[in-house]
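Right, one structure below, let's go through it.
To keep things simple, chains are lettered A, B, C, D and E as they appear, and every chain counts its residues starting from 1.
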Amino acid sequence: MSTLWLWASDACLLIGSFLLLTGALGFLRFPDFYARIHACGVTETLATGFVLLGLLLRSDDAMPQVKLVLILLFVLFSSPTASHALAKAAWNAGVRPRDNSGKRRVSLPHTDP
Amino acid sequence: MLSQLPLLPVLLPLLGAPACALLRRPLAAWVFSCAVSVLALAAAIALLAATWQQGVLSYALGGWAAPWGIEYRIDLLNALVLLLVSAMGAAVLLGARASVWREIPEHKRTLFFVAYLLCLAGLLGIAATGDAFNLFVFLEISSLATYALVATGRDRRALVAAYNYLVMGTIGATFILIGIGFVYMLTGTLNMADLAQRLPAVGQSRTAFAAYAFIVVGVCLKLALFPLHLWLPGAYTRAPSIVTVFLAATATKVALYVLIRFSFTVFQVEYSILALPLETVFVVLGVVAVFAGSLVAVFEPDLKRGLAYSSVAQVGYMVIGVGLGTVAGLQASLIHLFNHAIMKGTLFMALAAVVLRLGGSTYAQMQGVGRSMPITTACLLLGGLSLIGVPGTAGFISKWYLVTAAADREQWLLVLLILAGSLLTAVYIWRLVETAYLAPRQSPASIAPRALEAPAGLLAVLVVLALANIYFGLDTRLPVQTAGGAANGLLAAVLP
Amino acid sequence: MLCLLVATAIALIAVRGLLASIMLTSVYGLLSASFFVTMDAVDVAFTEAAVGAGVSPLLLLLTVAIVGRREAASNARRLVVPLLLVTVTGALLIIGTLDMPSFGSPDAPAQTHVAPRYLQQSGDEIGIPNVVTSVLASYRAYDTLGEVLVIFTAGVAVLLALAPAGQGGSARAEPPAPEHLAPHTILQVVSKLLIPFMLLFAFYVQFHGEYGPGGGFQAGVIFASGIILYGLLYGLPTVCRVIPPPVVEVLAAVGALIYGLTGVLSLLAGKNFLDYSALAADPVTGQHIGIIAIELGVGIAVAAVIITIYYAFAGRLHTRED
Amino acid sequence: MDVFSYFNYWVVVVLMMLGFFIVIARGNLVKKLIGLNIFQTSVFILYISAGKVMGGAAPILADGVELYSNPLPHVLILTAIVVGIATTSVGLALVVRIHAAYGTVEEADILEQDATC
Amino acid sequence: MLSFTIIVILLVMLVALARAFTGPNVFDRVLAANLFGTKTVLLIAAISYLLGSPDYLDIAVIYALINYISVIGVLRVTEIRRERRQAGAE
């Protein structure tokens, strides 16, 4: 494995870690559910991609690479789908976005604590 | 085939269960399970004979020698418990048909027999294995099957009883698992014989102490020793009659076997009895169990529930025997184990007949039952007398040996307490006599006038069981000699 | 990692409401599985991931869907006795740990007595690289037979408890009122893409167990999970049409029997029960055949039982409202 | 090192007791089973910790690796996990039945109903 | 770099746990559990490289599968409950 690959891998991991951290920050601090799902959904897919890519660049066997690609594909498929389903379910259950002051902007048909 | 003998009593019901699940017709399932359990009984009898002739039999499962593979190790004690469990399992099953058809809805009957076979296989597996972890696995098979069987009771309280039993039983099993884990960390082996060799070197460590404590507490939960008995009355009362017969005759007995096996074979007597105050603990708990159980039984309005509490009391007697820590005490304990299985089998079997005909087992419902169901009531009474320990019955033999063992250790107070316990038993059995024969029949019209006697299949088994009470009260060779041999075998290594 | 576990457990005590508890249970399963990975217990991590984070939260969810997710406030009076009990037990455990061989030491008895033989000789005696599989499927094969029967018992027990009347003991649910499935197009499409992949992966795990982590049990769980996913999205009646409940129930028994009969076969060949070396002229080949056969039995039994349990619960979910 | 060597076990003990506490202190039947789950899983962690060898590799034979972790606890725990899920599923089935029969899954409510009838 | 990534992932897991605990509603918890799951996938993958044994990647695959299934499971179950409640109300 050449140093160049290792550097590239490190860079990918670094970017991935950064994205993970920002995502977590958003997940922790954003005011309502939809903002939070946005924070994780977007960063998660990208960060996962970068971290897995970083790992991919580190390996030199075929089998782990194949598995990593599989995981990557799977995450690329399932993660947005799950986010979509979640947001939709939340909307159907009557969770509504809030404005900046944290108040509910849309009146609720019925609440689901 | 002879070399495979140690395996057969367990293997037959173990593989019979999934095969039985393939049968769709309940009747076929019943016939099949009867055949399987009778074959298992035959194997167990042959095994006991072989153990008498050849001493300890060892069987390496998978062909791997002992500490690496799992071993079945059959000595007299194992063979005795195997015989007892398979005999009761077969007997109960043979007499089960009418009662099961009455109490279990049709679509559940096949599964009921599958669960019964699994439970039987689990109990036999516990009694046969020489591997600590394998014991845990079979314990779980039998426990899970038991929870399911208890939950098939018609009353909704059966569900709650089964749930409570499940939670307590699982805590017990997990405690045993923790104990086995500790022992494994200390010695690196799971085979009981190997453990017995390697434990003395580390026997004084605190880890070994904790391991033993956890195993004892876990087993006592299964055994329903006094403060840990809370699951038993509910489970016995609410379970279908047949399940109660089977559990009362086998489950606690196997738990007692496990207690004895771990105390005397694995952890060795000097560690379990002499070095620790466990002797006192067992004896005291046993005595408390005898009195608490009997007292509740005296005031209980439902005979089935009363007998369940009486089981708590009888477990107390057995544990006293263990706590004495002598060959005689252990022998008494094992004899009582054997005899109590027979008497409780008789009593609950008779109650199954009563419930079948009268729909319940409260004293109020049973008024005048002696006239409408004479044979059943006679058997019930015989079991009761045996429970008290009247001379000529099996119960007398076990009480006699227990009292002698206590007298040997010169524990006169204990002797007195044991006798007083019998007196309490006499009180609730007298109550039964009063209800069955002396009380006027409550309302003759409400009970069907004729043909109240239990169906022939059930009655035949019941009579055989009741006669067994008398037979083993007169001809005591089988239980006494086997128990004596087993007790000697357990203690020979450690007592001078 | 361990501290995270403790945090989760404490959160579990503090949190009220069953759904939240289940989420935390799932997290707990994932965490303990990650911990198993760092402890080199790859196979265990595999199983714990599939069971602790997958199947058992799913079953809990189904139950909660039936019984509701409210949880009453616990009574303060009732806390004293449990606290006491827990403290005593915990103290006993701590005492127990004091004389233990220290963590990770290669000289501990557990590492020096029985285990070395597995590591040193299983390569020659069994001939497969994954020692966990050799021990599981050959040295301690009888335990594994017990394990299969435990799960079979669980299937029987669940059916015995939940089987609706009048259907010959099987968990068949009558088709419920048409479900409102329309809004799930995206999920259905994506899942349809993923499910075949999952089932394929289950087969990979089944047959790769000799070389890497995996084996019959894990494969069975994954396979069943795939079916459950299908059932969740397309409704119980659909999945029951694809895989009828009576067939699954028969398969559960057949799986257990395959295992048992493999043992009986070696018994008939004159060796001890489950001694696979009787199955072929060359003992090592015999071991191979035996292990493949029993792993197949395990896989079938486990998958069938888990699907059966799912059917039983889901059937309740749909039929209770009458 | 000496403190650390037991730290692992102690954490496991704490976990076990947390699970055990949930089992006996909570009145909700489902929550009890969750506690039981935690309790059992913690015991699994105890076993697995016991099998760890510092510097060892996963017990999958490979060339050039000398030190492996102990495979035996892994096998035992695989079995125990199965036992755990089996118990959980049976328990849950009972809970479902109890809910159908009593309309509640709180221990206190059930006791009350049984006392009155 | 690998260990740095692992530490970051553990940190994120902690955040997710905090969110799972505080809620406030079911969906936040589901989201947290989902996040937790995907982070576990990455964690296992990273650990497998740190320890140099690519066998562990199988476990990561399982996690990805299970995680997806459990999210769908939670959603369907909450939905079924709601449908039934509505059906009961009508």
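The definition used in the following text is that a contact is a pair of C-beta atoms (placed from the backbone, for glycine too) under 8 Å apart; a residue touches a chain by one contact, two chains touch by 3 or more.
Which chain is which protein? Per UniProt: A = Monovalent cation/H(+) antiporter subunit G; B = Monovalent cation/H+ antiporter subunit D family protein; D = Cation:proton antiporter subunit C; E = PH regulation protein F.
Note that the structure is predicted; figures quoted are calculated from it, not measured.
A.B. asks: Quick check on the contact graph: shortest path length from chain B to chain E, in steps?
C.D. replies: The fewest steps needed to get from chain B to chain E is 2.
A.B. asks: Hey, how far apart are chain C and chain D in touch steps, shortest way?
C.D. replies: 1
A.B. asks: Which one of the chains is farthest from chain B, going by Cα centres?
C.D. replies: The most distant chain relative to chain B turns out to be A.
A.B. asks: Quick one: which pair of chains has the most contacts?
C.D. replies: Result of the pairwise contact count: C-D comes out on top.
A.B. asks: Would you mind pulling out the distance in Å between where the CA atoms of chain A average out and where those of chain D do?
C.D. replies: Whole-Å distance between the two chain centres: 31.
A.B. asks: Mind checking the centre-to-centre distance between chain A and chain C? Centres are C-alpha means, answer in whole Å.
C.D. replies: Roughly 29 Å, centre to centre.
A.B. asks: Need the CA-centroid distance for the pair chain A / chain B, whole Å please.
C.D. replies: Computed value for the inter-centroid distance: 57 Å.
A.B. asks: I'd like the Å distance between the centres of chain C and chain E, where a centre is the mean of that chain's Cα atoms.
C.D. replies: Inter-chain centre distance comes to 19 Å.
A.B. asks: Quick check: what residues of chain A touch more than one other chain, meaning two or more?
C.D. replies: 74, 78, 81, 85, 92
A.B. asks: Enumerate the residues of chain E that touch no fewer than two other chains.
C.D. replies: If we look for residues of chain E contacting two or more partner chains, we find 16, 26, 30, 32, 53, 55-56, 58, 61, 65, 67-68, 72, 78.
A.B. asks: For chain C, write out the residues touching at least two other chains, lowest number first.
C.D. replies: If we look for residues of chain C contacting two or more partner chains, we find 42, 62, 64, 93, 97-98, 100, 108, 110-111, 114-115, 118, 140, 143, 146-147, 150, 153-154, 157, 161, 187, 191, 194, 212-213.
A.B. asks: Residue numbers of chain A touching chain C in their complex, please.
C.D. replies: For this pair, the touching residues of chain A are 74, 77-78, 81, 84-85, 88, 92.
A.B. asks: Under the definition above, what is the set of chain C residues touching chain A in their complex?
C.D. replies: 183-184, 186-187, 190-191, 193-194, 197
A.B. asks: Across the complex, what residues on chain C touch chain D?
C.D. replies: Contacts found on chain C: 2-3, 5-6, 9-10, 12-13, 18, 21-22, 25, 28-29, 32, 35-36, 39-44, 47-48, 51-52, 55-56, 59-60, 62-64, 66-68, 71-72, 74-75, 78-79, 81-83, 85-87, 89-90, 93-94, 97-98, 100, 102-106, 108, 110-111, 114-115, 118-119, 122-123, 129-132, 135-136, 140, 143-144, 146-147, 150-151, 153-154, 157-158, 161-162, 211-213, 217, 302, 309, 312-313, 316, 320.
A.B. asks: Note which residues of chain C are touching chain E in the complex, please.
C.D. replies: Counting only chain C, the residues touching chain E are 1, 4, 7-8, 11, 14-15, 19-20, 23-24, 26-27, 30-31, 33-34, 37-38, 42, 45-46, 49-50, 53-54, 57-58, 61-62, 64-65, 177, 179-180, 187, 191, 194, 198, 201, 205, 208, 212-214, 218, 222, 225, 228-229, 232-233, 317, 321.
A.B. asks: Using the touch definition from the top, list the residues of chain C that touch chain B in their complex.
C.D. replies: 92-93, 95-101, 108-115, 117-118, 138-143, 145-147, 149-150, 152-154, 156-157, 159-161, 163, 165-169, 249-250, 252-254, 256-257, 260-261, 264, 266-267, 271-277
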